[in-house]
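Shared between the two complexes below is chain A, which pairs with chain B and chain C, respectively.
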Partner chain A sequence: MSKVAIDVPPKGGFSFDLCRRNEMLSKKGVQAPSFLKTGTTIVGLVFQSSAATAAPPTLPPPPPLPLLKPSSASPPPTISTKIKTTLYFFVPIPGAQPHAVILDVEERWLLRHLRVPTRILQRFGSKLSPDGVILGADTRATEGPIVADKNCEKIHFMAPNIYCCGAGTAADTEAVTGIFNFNVLYMVSSQLKLHRYHTGRESRVVTALTLLKSHLFSYQGYVQAALVLGGVDVTGPHLHTIYPHGSTDTLPFVTMGSGSLAAMAIFESKYREGLTRDEGVNLVTEAICSGIFNDLGSGSNVDVCVITKGNTDYLRNHKLPNPRTYVNAKGYSFTKKTEVLLTKITPLREKVEVIEGGDAMEE
Partner chain B sequence: MSIFEYNGSALVAMVGKNCFAIASDRRLGVQLQTIATDFQRIYKIHENLFIGLSGLATDAQTLYQRLVFRHKLYQLREERNMKPETFASLVSAILYEKRFGPYFCQPVIAGLGDDNKPFICTMDSIGAKELAKDFVVAGTASESLYGACEAMFKPDMEAEELFETLSQALLSSVDRDCLSGWGGHVYVV
Partner chain C sequence: MGTSKNSAYAYQIVGGWDRLASLNTWGYPYVTGTSVIGIKYKDGILMTADMGGSYGSTLRYKSVERMKPVGKHSLLGASGEISDFQEILSYLDELILYDNMWDDGNSLGPKEVHNYLTRVMYNRRNKFNPLWNSLVLGGIKNGQKYLGTVNMIGVHFEDNHVATGFGNHLARPILRDEWHENLSFEEGVKLLEKCMRVLLYRDRSAVNKLQIAKITEEGVTLSKPYALKTFWQFSAFQNPTVGAEGSW
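Right after this comes the complex of A and B.
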């Protein structure tokens, strides 16, 4: 039997059949086509509003309460004039709101002899706010100078607790994060799913990170996908950037894409540790908006994805700062009708009706 | 000179109310010389699914033959037609396979899914899908087509109005492009 060159490659992966022909064409002066780029602004941010690390800026000064003399068990140590500290003494008044004061090292040392009820030294707030990762992206896809898609999705799903934003060539970011049956190994999202079935556990962000970086490195930068990968797994929230050649960075806040400088300017000035979820979302939105308005390659709307332990909120089109301003309600009316040369109407076939109980067959 | 300007093409698809329409021009040229004025760029995959292929005509025909082959295999295995979204993923995968030596083709896919919900999408030559809710364009006249469609499109048009809008958009755009023209083929489903 002759070897038929069948369409389905047995092993998957890239096929280089047409390279020779394309090279011949380019030698004849024919330019290669430009690909759809997602020249973008993509950002990521880790928020951890556990108050142990937070300096609550809006903490009101504690009201003046009657001083409680220290117990006479031992005299308080001498306070050197160089250390200027303020010691607050509280009397627990029933019904009063629990105040808290974050004491630094010297103050705690000075108070060590006092018998202070421990609940006064509780952290701010009655429960810890959850930690997580917030990803943001704009929604413009460009083809050279033309906007090809005004509302595309750049935040791709990898696992229920891991999302990835992509910048660079659109096909590369979609393929590398997607579920194409593409290589001997499938793409990362399907690989992660198979791994989840195999281990019976939630995927970890570092797993996705390693899969992505090894794939990109093996193509030596020719697969032009720059990614921001974020997620929350059992070990906590993680945020990484992956460059097209395969290098990665792990940071508390990141920006990528053509609008990255504009977004990073916002982050550098306004990021602090201990943001709450809402503050984080606002900061991310502001950073993306700064990329949208100051970078020509980014535009349209803002997409935000908030990932916390056990929950993911994908806020598609969270902010629409570029609505279509002048819309003619009447629409376009055509004065001259189109001249139709030939009309052919083909009614679509009716489905065949299956009649049960074939009496004819029984005879 | 770009490879897409070798043959010249104009393709556009629009969504209406429970219907879609896909249109192409009819010129086939070799750079500036016209060799055919009735060239077919839109192919039927099954009753509710059409694909238009712009760009280099030879790659368009080869790609069409491959896609028909894959779809027929699918029909034999699954005993039903492919859904438009599935078909779009198939085309995207076939194009991305040739990432480093691509087909010089930009497909426009239009189909009716379940419940007569129209689906349109386009891709660049390496398979980056662009789903749209209103219209998609491809070809040498794409810049004019973007402008014309943006101005003339209205959501939820019925079939008659959709046909009129689409053909007016196509004709006015190809009039401004020397590499496409000679009328148009419109399929309304």
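Right after this comes the complex of A and C.
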């Protein structure tokens, strides 16, 4: 190689000095270090605790009710004002042609056994128990076979009412690609904030969804972020998955990551409509624990985030099922220190003069 | 050809030995069965498998019995290549016949049959000519319950609950949570049905036609094929994008 050692001041931009060496090494068979991937279990769940639609999933569907003939025995809910809302939905009577039906609140209550999107129920009743979205994630970040971070955060902030779980290389913070992929979420979160300032309204989940999916699609899958996006906005609770190539799904319950099958096994066997908030949190915790204990790429603790209208609870380390087993009860005592001869405390605050309203920094 | 599942045998495929691939030696499976799940319960072993034989991505055969009794004390369930399963049954037939001809009052128990299968599978893998199956062998002899598994590379172990294929990922988490000693027959069947239902929802090669087999001291009982009840009426499935126009 060149024997000259010139002291050239570094120019800006990428330094290609090591490219020849890297190519020579890879020709010799040395693998380039791979991305810091996180095996992961992330899950999401929409809970809507309306007593009307709680049915365990293994029963056959209820017999079809006669069309538009309300049973007179049941009382309407105690809603003080009679709200006439225009609702369109399809009545699932087998054999009948689907058609649009307009009902008011009382009629809707009387037909409550029909399966309709319960988001509609939410529009005219905060009398009904609150519903929202619960996100869950494990806390292990792996670098190949090694656990790089035992307690990382995989539930990221997008907006006060929207949170996003990340799997794949999205969830690590160490490697370059991690920071790059985090940029997806930082970027979208900043874009949402600017949009909020511009419109003066709360962000919608579909906005975040569209921003994320168009970004990921434009990178054709090279940004390996698999996300579970959940939030509650004016239109109701929403839960979406976003795959690295940019496709999305909208579902009542989702799992992603290497532990997704273990978590999905729990969801498929135990999910039902009409979960209350606590039942939902328990189910999500169970699903994440299933991922933690049955998948090698997931582990440590369970993070949960419950988003409801107007309120978000970020339960960091909601469950710690993997405590350190052997902890010395005596604690750790340091060996004999050097003798203390003199203690003098000088508060530094007196040494610094803070000028209020001083000149801004000049650049 | 030469995909990830064949990576261990890549050199033959790279060599282009097509005439041997047509004998389905170390090639890849053609007609496959999906998962088998087995659990120990109070009186013996319960095993379940669906009745589908997939030809690649087509569901070609829908009445394939993937569980068969072996001798007096064992029950064998297989996933993977069906023709190799039939070959294994023929080997076991010979084995049991040879054992019966001794007429010495002793009969091969599940442990012995499992060991035999392990040797066969491992030897074939060493010759780069595997029997492309994951087997579940369960049985009970003299009150001793036994449930073991062997797969095509010769990995074998015994446990209280085993599953092959997708069942490993979807059913074992449930079994680890909910299996306990001395399940009654009804509880065991309910547990297996729970696992099969999840597999039906989430495994693309599963069919809704399954058999449950039980083996006790009295012998083997294979149930008639039946279907599970499934639930698709979640309200969020009816109109998933209400309020989220633009998504799907």
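Note that the second predicted complex is superposed on the first by the 207 of 363 C-alpha atoms of A that agree within 3 Å, B and C clash if a C-alpha of one lies under 4 Å from a C-alpha of the other, contacts with A are read in each partner's own complex, and residues count from 1 in each chain.
What we mean here is this: a contact is a pair of C-beta atoms (placed from the backbone, for glycine too) under 8 Å apart; a residue touches a chain by one contact, two chains touch by 3 or more.
This one's a predicted model, so the numbers in the text were calculated from it and none came from an experiment.
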Chain B versus chain C as contact partner of A:29, first or second or both or neither: first
Touching partner for A:290 - first (chain B), second (chain C), both, neither: second
Touching partner for A:335 - first (chain B), second (chain C), both, neither: neither
Touching partner for A:325 - first (chain B), second (chain C), both, neither: neither
Partner chain(s) touched by A:269 [first = chain B, second = chain C, both, neither]: second
Which superposed partner A:348 touches (first chain B, second chain C, both, neither): first
Partner chain A, residues of chain B touching it in the complex: 1-4, 6, 47-48, 55, 66, 69-70, 89, 92-93, 95-104, 123-130, 132, 142-143, 146, 151-152, 154, 163-165, 167-168, 171, 183
Contacting residues of chain A [partner chain C, same complex]: 46, 53, 57-61, 89-90, 92, 115-120, 205-206, 209-210, 235-236, 238, 240, 248-252, 261-262, 264-266, 268-269, 273, 290, 293-294
Interfacial residue positions of chain A with respect to chain B in the complex: 7-9, 13-22, 25, 29-33, 35-36, 141, 143, 146, 148-149, 152, 169-172, 174-175, 180-182, 222-223, 331-332, 334, 337-338, 341, 348-349
Of all residues in chain C, those that touch chain A in their complex: 166, 169-174, 176-177, 194-195, 197-198, 201-202, 229, 231, 233-248
